[in-house]
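Chain lettering (A, B, C and D) follows the sequence in which the chains are written, and residue indices restart at 1 in each chain.
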Amino acid sequence: MIIRVKLFAVAQDLAGCEEVSLELKEPVTVGAIRQSLGQRCAALQPVLASCAFAVNNEYADNSVEVQETDEVACLPPVSGG
Amino acid sequence: MIIRVKLFAVAQDLAGCEEVSLELKEPVTVGAIRQSLGQRCAALQPVLASCAFAVNNEYADNSVEVQETDEVACLPPVSGG
Amino acid sequence: MVELTQQPIDAAAITQSVTSPTSGAVVLFLGTTRQFTDAKETVTLTYTAYAPMATSEMEKLETQAKARWPIDRCVLVHRLGEVPIGEASVAVAVSTPHRRDAFEAASWLMDRLKELVPVWKKEHWASGSTDWVHPGLVQREDENTLQ
Amino acid sequence: MVELTQQPIDAAAITQSVTSPTSGAVVLFLGTTRQFTDAKETVTLTYTAYAPMATSEMEKLETQAKARWPIDRCVLVHRLGEVPIGEASVAVAVSTPHRRDAFEAASWLMDRLKELVPVWKKEHWASGSTDWVHPGLVQREDENTLQ
C-alpha cells in the first residue's frame, strides 16, 4: 500500500520536500508509518519521536490503522499563537 | 465645626440634596459624622449602615478623624463596571 | 492611563494604545449593557461617579497591578452618563510579555474596580421605573442600626 | 467563527462582532510579535499551518468552549505568513453574560490553541538566521529512538 505523508516546518526542511511516499505492508498503522519514514528519510529520524501524526485532520497515535485513501501528516511540536 | 458631606446615588435621592452640612463638636470622626447624618436626615438612616465614607478621596472607617477643610463623602455600595 | 468619559468607549483605540513591541500579549475587557437581567428588560443605563475619587481609585489600581504583574501598558476607562444597550460602560486593557499575566491582571483590575471605584449604575426598566444598583445595600427601618 | 488569514487581524472588527445585547462581558486576547526573546532580537515572524486541520481543530475548540461556558459569541483567528513586530498573530474573542466566564473561556481557548492547532512559527533573527519554534522538540542522534 502506498501512503503519502505530508511534512511541515522543521520536518519539511530536514526532508527537503513537502510530502514523502512510503510503501508499506497492510495492515498499516501510524507506528509503522513513523518507523518507515525514519528509514526512508534519515534526516528526519532524530526528530520523529517528538512529532505527532494526524490522519484525516485528527491527531492519531501509533496504534491507529491507516487506509490508502487517508490523508496522513507528520506534525512537529506546534508553536502557533 | 461645620462638616459638609457629599451624597451620591440612592443617598442623594433619599436626602433630596447633593450635600448636607453638619455641626459637630471636635474631635470629629467618621463615626460621629455617620451618626449625625442619620439624625439630620431621617430618610438616610435606613441605608447608612450599608454606606462607606471617604475623606479626601480615600475610604475612611469610623475611627478616622476629620478636619473642617476635609472633603467628606457618603458612598452607597458601588456598582460600576 | 485612567479616564472617566461621557463619550462612547473607543475599544479599537484602547487596544491599539496598549499594544507594544515589548509585549507578546494584550487582553481587553469590555463591560457592556445587557438588555435583560433575568426577565426584566432594560431600556438603558446611566452611570454617575464621585469623579475625583473614582479617578484616584483607578490610578491606585493601575499602580497596584503594575507592582504585581509585569505590565507594559494599562488603560482603565469608565463611561458616565447614558450607556445604551450593547455599548461598553467600562474597558480594561493591559499588555504583558506573556499571556497568563495579561489575563490575571485584567481580571483582577475588573474585580477591584467593581469593588472599590465610586461609580453607580441606574437601571432604566422597560416598565418606566428606575433603580439604583447598590449590591448588598440593606435598608433597615429600625432606629438603632448605625455602625 | 474561526479563520486563518494572510491579512492583518482587525481587532476592532472582531471585538464588534462578538458584542451583543445579551452579553455583559467581552474579552479579547491578542498575541503580538515581540521584538526581543531574552537578548535576541526578532526582525519578523512567519507562520505556516496545516490549514485544513488547523481550521478543524479551531472549530473543535470553539465547540468545546461553548459546551463548557455560556458563550454567546466566539471568534478565533490565526494570521499566517509574515507577522511584523507589534502586530497580532492570533486573536481570541468571546462574549458571555458575566465576566468570569469570558476570562476563563478566552484563557482556556488560548491555552488549547497553542497546544493543539497545527501552526508553526519561524523566528527571523536580526543576525540573519532563522529558527523554527518547536517547543519540546528533541533531536536524537542515535538510531533506535522511535516511539
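Keep this in mind: a residue touches a chain if its C-beta (ideal position, glycine included) is under 8 Å from a C-beta of that chain, and two chains touch if they have at least 3 such contacts.
Remember, predicted model here, so these are calculated numbers, not experimental data.
K.L.:
Looking at the contacts, which chains touch subunit A and subunit D alike?
P.N.:
Of all the chains present, none is in contact with both subunit A and subunit D.
K.L.:
How many angstrom between the C-alpha centroids of subunit D and subunit C?
P.N.:
Each chain reduced to its C-alpha mean, subunit C and subunit D end up 27 Å apart.
K.L.:
Express in whole angstrom the distance between the two chain centres, defined as the mean CA positions of subunit A and subunit C.
P.N.:
Spacing between the chain centres: roughly 50 Å.
K.L.:
From the mean C-alpha coordinate of subunit A to that of subunit B, what's the distance rounded to whole Å?
P.N.:
Chain centres of subunit A and subunit B, defined by C-alpha means, are spaced 73 Å apart.
K.L.:
Express in whole angstrom the distance between the two chain centres, defined as the mean CA positions of subunit B and subunit C.
P.N.:
It comes to 24 Å between the two C-alpha centres.
K.L.:
Could you say which residues in subunit D touch two or more other chains, in rising order?
P.N.:
31, 99, 110
K.L.:
Among the chains present, which pairs are found to touch?
P.N.:
The set of touching chain pairs is A-D, B-C, C-D.
K.L.:
Per the contact definition, I'd like the list of subunit A residues that touch subunit D in the complex.
P.N.:
Where subunit A meets subunit D, its residues are 6, 8-10, 13, 31, 34-35, 38, 45-50, 54, 57-59, 62, 73, 75-81.
K.L.:
Flag every residue of subunit C that touches subunit D in the complex, lowest number first.
P.N.:
Touch residues, subunit C against subunit D: 11-12, 15-16, 19-36, 85-86, 88, 95, 97, 99-100, 102-103, 106-107, 110.
K.L.:
Considering only the defined contacts, which subunit D positions touch subunit A in the complex?
P.N.:
So the residues of subunit D in touch with subunit A come to 31, 47-50, 52-54, 56-57, 78, 89-90, 110, 113-122, 132-141, 143, 145-147.
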